[in-house]
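Here you go, one structure.
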Amino acid sequence: MSILTGQETVALSPAARPGRVSLWRRIINHRTDYLYVLPALLVMVIVIAYPIYYTIELSFFKTPANLQMRDKIFVGLDNYGTILSSASFREVTINTLIWTFFSTLFAFLLGSAAALALHREFMGRGVMRAVLLIPYVVSAVAASYVWKWLYHSDFGVIGALAVQLGITDQPINFLDNTTSVLPSLIVVNVWKEFSFAMVMLMAGLQTVPEQLLRAAQVDGASPRQRFWHVTFPHLRGVSMVTVLLLMVANFNSFIIPWIMTGGGPAGASDIWITQIYNIAFGRQRYGVASAYAVILFIVMMVLGYFYVRALTRGDDARAE
Amino acid sequence: MKPPKPRPTETVELNNDGAKAALQASVDMYVRDKSVPVSALTNTQNENQNPFIAGQLAMMIAHPAEYAKMVDLAGKATGADKAVADAVVENMRYGLIPEGPARRAVVFGGSNIHIIKDEYVDGGLDEQAAKALICFWTSPEWSTKLARTGSNPGNLRGFKTEWMKERLDSIKFLDVTTSMLPSGIPFPVIPEATEIMNIIVPDMLQNALTEKMTVEEAADDAAAKVEELLGGL
Amino acid sequence: MAEVVLKDVIKNYGNVYAVNNVSFTVEHGEFVALVGPSGCGKTTTLNLIAGLIPMSGGDIAIGERIVNDLDPKDRDIAMVFQNYALYPNKSVFKNSAFPLQMRKLPGDEIARKVTDAAKLLDITHLLERKPRELSGGQQQRVALGRALVRDPAVFLMDEPLSNLDAKLRVQMRSEIKRFHHNLNATVVYVTHDQLEAVTMADKMAVMNGGLLQQYDSPANVFAHPVNTFVASFVGSPAMSLIPLDVVSKGTEASLRSPEEGWELPLSTMNARKANASSNGKVVLGARHSTLKLHKEAAPGAVPGKVYTVEPTGDVTFARVFISGAVVNISLDPSVAIAPDEKVWVEFDRERMHLFDGETTMALQAA
């Protein structure tokens, strides 16, 4: 942004109010820049902007089940009303919040712990790092199926092990149970994405200036104090970004809950996104599903705003 | 779009006494007796195949085609699994679904053919051709051929064809499964059938089996959802 | 009393010897500069004194205590780093207070010490700012302040001025010198800028390739460089070095250009030195100010050809080719010469340096 403001203000339109250049002028001044981004912009418009627009439009309509959208009926905000007043909305929203909060929290904590553990030199560090990265690179679909069988209430490996080790006398019921299903899914999700947090924080750790750590060492800080006073503050930015990205991913995560439970049993693991899919493609209520998607979209945009803020905070600081 | 035609002939029976009794029977089996596996709550029929061929399931509700599937699975098994699988296939039998207080009953599956309205078809709809295709498709001969290994023919006269006789001779247990046909109840032929079968009824079962709702509540809840569905667009 | 003693200190990474058998003693209150080209092991030596990296061999004592196995925090040292190494999220006050907090001093004492140091360094008005809101010079002052509050026995500084612009560097140079003078502190100061070392230090340790070349006062290092490396490293412009053959005539000797054939007779003292050469060759060294330029042949002058002329205002530097080597000569700005001009250069017979042609060590009279 700094390119568009600053000296140009003075140089190009002395008449304008200080600190402001007419939008038109700015566009003209940067016409070649716009030309360069035009192809990418066009593609974005086609594949992103139009679907978003169409989703928002559909959210104001009652739609027939047969995909013939010219038969749709305008109903204003009825779809939103239907969703917000439906009994399941509260339940699904609570599930979504639990899912997002705990997935993000534990993925971040576990990832940080792994990153810190891997940051020091020890024998087999490279191997460990590669092993811990496996969940992240494994296909989510494949992992979901594997976990589904590991968890299986009658023939699952985990249940069998628990019985063999004498921890329980019955295989553990992870997924066919309304109270344990969501935590069980969160475990899989955390397993799947903690390596992402790990990679991010490992990168962050590598940028902690060696000199600062040494200065703290000379200043008499213990390893723990060095972590609190140097490493931890340094990681704040990357932590923010990581947490936000995890949150966005979790709000939007579909593969694991969909494949493992489809939102069941009895809706106990239904989150917004599985609900939207169900409404749209299970029950063919495109209007209601669109309204749901718009609600999700608004939440994501708010998160996105904070993400961009976290990303650009450094720039602003430098521009000061 | 015209307002939906009233469909006075349809009444929702999902929460009548019989339906509730059936639901109660499921709850008794699953919750009280624990005579079915825990995973039956969410298992699909396909997901029962592997435990069955592994000798882990004694009995399951199965399709006429299940036997062929088991033979196929046994052929793919290796090592110690192979012996078990062969034994399962060797000892596999079909039986009829037991008779309830009123009668023996089973819900048919089926398939749908849709013909799209004239106004939606590029270049217009050739109704005669569409009808001809349906006639061909549902003819005794073709419907028998279509369902050769998988299912029974859709056209009752298909049972009288020579191919049906050949099937009965060559496909094991087809005689048993075919003898269930007189107890079959077709699902109401309405567009909403899919949603009722695939979403509302499973939800009702899960609500009751997980004891999230009582049998009474689950049945009423499902009935209400069906009413709402039929009343809507 | 806090002297710093290094004895046979070695640091190697595999077969790279970053510090190779270095021994020297820093007396209490002395300002010692570690100088040498990039990669010669200055920082490594300083880090070894600080205890930031483990030694591979040798002993280090601080204040009569062997500190080989002590943590940095127990060595009674403070360090100033090249990039200041200020904690970016802490205010200037908190930065300066940090070492005291780590030593669990009471709050009011911390505040007093920080304020005193801030006054001394003239950064009182900056105490509430964050490091990124400071200029380079201010940051450097804060870094000094953070070292100062601790009142350590020894200050270690690793190129503390190298990130400053030339003008600020000169200013900070005198401030650090002043501050050393006031505190009577023991300072080990790393720099690759020999001018900084010469102007600030009581003694300088010249290093090259992990080896200590010479450890002496700047004046002695300047006047009596032990080898051609030190000779060419200290002084600006560098001492000119010309490889020549020795022509011995009994106790007399002269130097002959292997390329141009001319001979330069030596004083008796220098003849004795030249005769001590191990291979009959020497490197003749001369500082720019000891050379005289003639436009015509003169007795005792050797021929050369002007390569470049660089007027700097006060003085003009001429670079002259003599026997294939480039020789720096300082001239009065009024002297008018041009590149490619043929000239004659007269050496000061008493102030020339002779180094062994093979070992490059300064020759001693036999």
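Points worth noting:
To keep things simple, chains are lettered A, B and C as they appear, and every chain counts its residues starting from 1.
We adopt the following convention: a residue touches a chain if its C-beta (ideal position, glycine included) is under 8 Å from a C-beta of that chain, and two chains touch if they have at least 3 such contacts.
Note that the structure is a prediction, hence the values are computed from the model and not measured.
In summary, no chain was found to touch both chain A and chain C.
Think of the whole protein's Cα atoms as having one middle point; the chain whose own Cα middle lies nearest to it is A. Mean C-alpha positions place chain A and chain C at a centre distance of 56 Å.
A straight line joining the Cα centres of chain A and chain B is 39 Å long. Distance between chain centres (mean CA atoms), chain B to chain C: 92 Å. Those residues of chain C lying in contact with chain A across their complex are 47, 50, 52, 71-73, 77-79, 81-83, 85, 87-90, 98-99, 102-103, 132, 146, 150. Taken in their complex, chain A has these residues touching chain C: 209, 211-212, 214-221, 225, 229-230, 233-234, 236, 317.
Those residues of chain A that touch chain B in the shared complex are 62-65, 68, 71, 73, 152-155, 171, 173, 175-178, 261, 264-268, 278, 282-284.
Residues of chain B that touch chain A in their complex: 1, 37-39, 41-42, 51, 54, 56, 120, 191, 195, 198-199, 202-203, 206-207, 209-210, 212, 233.
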